[in-house]
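Each chain carries a letter (A, B, C, D, E, F, G, H, I and J) given by its place in the written order, and its residues are counted from 1.
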Amino acid sequence: MKYGEESIAKAELELWPNLFIDKNYEIKIDFPEFTCLCPRSGYPDFATIKITYIPDEKIVELKSFKLFLNSFRQRYISHEESTNIIYNELYEKLTPRYLEVIGDFNPRGNVKTVIRISSEDNPKK
Amino acid sequence: MKYGEESIAKAELELWPNLFIDKNYEIKIDFPEFTCLCPRSGYPDFATIKITYIPDEKIVELKSFKLFLNSFRQRYISHEESTNIIYNELYEKLTPRYLEVIGDFNPRGNVKTVIRISSEDNPKK
Amino acid sequence: MKYGEESIAKAELELWPNLFIDKNYEIKIDFPEFTCLCPRSGYPDFATIKITYIPDEKIVELKSFKLFLNSFRQRYISHEESTNIIYNELYEKLTPRYLEVIGDFNPRGNVKTVIRISSEDNPKK
Amino acid sequence: MKYGEESIAKAELELWPNLFIDKNYEIKIDFPEFTCLCPRSGYPDFATIKITYIPDEKIVELKSFKLFLNSFRQRYISHEESTNIIYNELYEKLTPRYLEVIGDFNPRGNVKTVIRISSEDNPKK
Amino acid sequence: MKYGEESIAKAELELWPNLFIDKNYEIKIDFPEFTCLCPRSGYPDFATIKITYIPDEKIVELKSFKLFLNSFRQRYISHEESTNIIYNELYEKLTPRYLEVIGDFNPRGNVKTVIRISSEDNPKK
Amino acid sequence: MKYGEESIAKAELELWPNLFIDKNYEIKIDFPEFTCLCPRSGYPDFATIKITYIPDEKIVELKSFKLFLNSFRQRYISHEESTNIIYNELYEKLTPRYLEVIGDFNPRGNVKTVIRISSEDNPKK
Amino acid sequence: MKYGEESIAKAELELWPNLFIDKNYEIKIDFPEFTCLCPRSGYPDFATIKITYIPDEKIVELKSFKLFLNSFRQRYISHEESTNIIYNELYEKLTPRYLEVIGDFNPRGNVKTVIRISSEDNPKK
Amino acid sequence: MKYGEESIAKAELELWPNLFIDKNYEIKIDFPEFTCLCPRSGYPDFATIKITYIPDEKIVELKSFKLFLNSFRQRYISHEESTNIIYNELYEKLTPRYLEVIGDFNPRGNVKTVIRISSEDNPKK
Amino acid sequence: MKYGEESIAKAELELWPNLFIDKNYEIKIDFPEFTCLCPRSGYPDFATIKITYIPDEKIVELKSFKLFLNSFRQRYISHEESTNIIYNELYEKLTPRYLEVIGDFNPRGNVKTVIRISSEDNPKK
Amino acid sequence: MKYGEESIAKAELELWPNLFIDKNYEIKIDFPEFTCLCPRSGYPDFATIKITYIPDEKIVELKSFKLFLNSFRQRYISHEESTNIIYNELYEKLTPRYLEVIGDFNPRGNVKTVIRISSEDNPKK
């Protein structure tokens, strides 16, 4: 196992204090290299994951976030599940003032799917 | 009759339970290969069908949805009718929290037509 | 006079019953081949005409709409007038729940003009 | 059977005399609405067919060419075959000074295929 | 008849002496507002006309060229004919060192056509 | 002084009666060839001027508007000033129901500037 | 040290009186050549900085603003910090009626980040 | 192991007879979902693989080609190696009249790499 | 007269020695802000000037080249003349190994013109 | 000094053996984050550096190439010089079968410059 794979195997979201906590500001992150495996067939799936959040006390460190997304590479997981899991993980760890997660998947069977979850539509969550 | 044609002939929307029912999230599906026949002339028509919905208890399985759209290939049907039929079928089967269906048709006679139906404009439906 | 010219000469908007009258849905029509003559100089003008409406009891048949737009070819008429006439004709014939007409004209004298009329800005009309 | 379907069923390339036979000039034709059926599965395939030719004594009438391409709708035929058949049909009927046929197919299984045949690469035909 | 129409009715290519006759240089002209009438149906056709030439002793004055192209508005003429006529007219009047004329027509019946004539393919003219 | 320069020297906005005064409709005008001189250095500046208005009793004649914008060619004037002057001139002459003026300037010193004034943000004018 | 570097070393935002203080109007400024150094590794980072503000009594002189942004070239500073510092500096100096600052950074580790701060989300600031 | 993974594990290029062997024609195939692992770090790499060939006696079956490319997912392999291996495999199995393979890789460390191998540059191969 | 105008009034191409005279290399320069006056009407014309050259003993200093192009602002000159004058000036001053000058002018009367002069087409010059 | 800066300070092109020396294949590398300082003013310059080469016995390791390009950040150097130095360095170290280097610089004073050096134009080099 190479060092990059070890980093991915141990991947966990690293949190940093938000140095500008008195301000509402938006952080957008795009990761165009998400891949996982279809839970039925085992064939690979590909997506761009797009995050927008307004941090409260914590922000997520970028490299640990990338490793976390890399860790889905050999997981069997549907489009809806992976997008929801990323949302939940970020929401619980960051308790942000606002969070949106979009999973923009490559076409399968000539059909393109995009999943979008926003804290605005889930006020009580 | 080949196996693909048989699948299309028997096409019916397959429903799956929504595993994230406590959350409002959006699913967008684009299908750029819709084709049917003009009810007057019998000439082929072509469209991209675009769906956006917020699921309630059920989500639609993608392959069954594609086969359902494939099944219009030899039907005589107008732009307005096909878009409305797709909307109604999805609305009745899914009873989603939100639904929008767009039929974005190729130009005919140098005129381009787009039909759009949204549950937001039809609150009682 | 050829048969196409005769069709254009007799052009009148043909109305069809709206088969989905219990629903609010949007119909968008783009016609990129509108041409008429400048009322001052007689030089040709060119535009794309874009219509969006929510039908009430009637929808407009597409071919008759194209012929109606073709019938402006040799008329002397300004940008504002042609867009208003198309709006008025559609509004009176269709009494739609919503109507927008856009006349997107090619530049003249290096100046590009777009005229837009919407029933939302004209509530009493 | 509607009149359009009858026209398609009887489709045959109609040839017109080339009125400018003393000149070499190029005619390019794009048809973005080609569809046929996969010979293995029966699932629909979609393509844009692109023709370029330098006519000799004959040119092909456009509407008859469109009907000819429409006639593939329910045929079981591979990408390579359909492109070669269109090339052969045009080559034999037109005996043009130059001919290129491109079949630019929609992705299948996330793989996009383009077939291209040119008389330049086939000097003896 | 307005003054613009009169100018178009009398349109004739105006020639100017080439002030840089000792040099080979290229002049490209694009006119996106060409329109004429289909010789069969009388329905309007639309095209962008693109000219490239290397002048010899004469260049064509731009406004007279535009009026010449405007003069096709009510003529019954096919795609091939109009492109060849424009080519011949320019070739005879200008006897240029090089000439290419492209007629890039709007789709008709979902089929797009482009006609291209070049003096390079017609060495003897 | 040539006739075009004389027209520009005498440029004044020409007003026409709004023939559709009972209706609210939008007129958008884009002029991509605005140029003036920097008040500090005298170097040329370039911009696209974009106007949107809802006319009340008057509309602005297009050619006079172009000449008015042409008349800035040799004026020393900043980005903010030219945009405000155009806004004020149009507002006073037209007393429109709505007016927006955008000055979209070419980069200077690798910095791009866009000035935007809207009557919506200036309710009392 | 060259004269440009000296100008950058002494860079300070220069303020000018707003000559149109009675009006609300928007100034947008884009600077695509922002660069600084990563506080952890010292590797260079790159961004486009986008500013939108509605001035109150003062506007910022463009060249001094560019020099101010140039002065980050050799600073060790994170994405969040640089965007917040630019926002704070502009907010304090200009006390504008509205201010938005966007730091649109080049991807690092295949992840793209955009930071956005708006006075609309920070009413008390 | 799911059925899709089994298909990939057993992936081997399947060859079909070229039914149009008397003709030179080009087949282009694009596969935008190639992924493998960096031989040094183990981190994932991503590419679009583009193939163009003129078949001789055999053509490659599309699905088997996709599975072959899928089989690189967990291999440690450099950009140059993977592109060369794909080229060699296709060249040996197909002995085509012409072959080009392009590996168009996503940026790594802000540097984008494209590898291109063509039989035209390797005449003796 | 401001200092920028004085610089433009005195504009002359400044030449620098080519430090890499033993090598053939290409320099491309694009200037999108060329403007002059129509010799007939006096109305302004606009163009992008594009230069490509392979230097011999001298290269042209960029700022002096910009000032030279700025100096056409109030000159009465046709499209063909300005492009030829720029070509001649550069050719005589630089005696380059290769030179191409393109004048890509904004449409006038809905007609777009591009003038192109290359030393390749003028071997003896 | 941070570790990244140290890596850049010591940057030297690292060479690897070409594992496919019996084949001619092309490697293209794009680096959009090149920056240096103007030798006259000290102001920063920005460019995308594009390399294409056909390796002989050696290929250049990507990270060492990036660090080499990073090392120009605080150097005073003109567009022509930096492009020539990169070309020379690569040519001497790699002695490739083919080499092209393009320096595509951001506009300065509204003028865009691109420098291109190819071994094809320098056969003896």
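The criterion applied here is as follows: a contact is a pair of C-beta atoms (placed from the backbone, for glycine too) under 8 Å apart; a residue touches a chain by one contact, two chains touch by 3 or more.
Please read these numbers as outputs of a predicted model, since none were measured by experiment.
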item	value
Chains touching both subunit E and subunit H	D
Contacts common to subunit C and subunit G (chain labels)	F
Residue-number overlap at the subunit G/subunit J interface, same or different (half cut)	same
Superposition of subunit A upon subunit J: rotation angle, C-alpha, nearest 5 degrees	180
Subunit B and subunit G: spacing of chain centres that average the CA atoms, whole Å	47
Whole-Å gap separating subunit A and subunit G, where each centre is the average of the chain's CA atoms	29
Contacts with 2+ other chains: residues of subunit E	32-33, 106-108, 110
Interchain pairs in contact, sorted by label	A-B, A-D, A-G, A-H, B-C, B-D, B-E, C-E, C-F, C-I, D-E, D-H, E-I, F-G, F-I, F-J, G-H, G-J, H-J, I-J
Subunit J partner contacts - residues on subunit G that touch it in the complex	1-6, 8, 32-33, 35, 37-38, 40-44, 46, 70, 73-74, 76, 106
Subunit H - residues contacting subunit G, complex	106-108, 110
Residues on subunit G engaged by subunit A in the complex (per definition of touch)	80-81, 83-84, 87, 107-118, 121-122, 125
Residue ranges of subunit J in contact with subunit H within the complex	18-20, 23-33, 54, 59, 62-63, 65-66
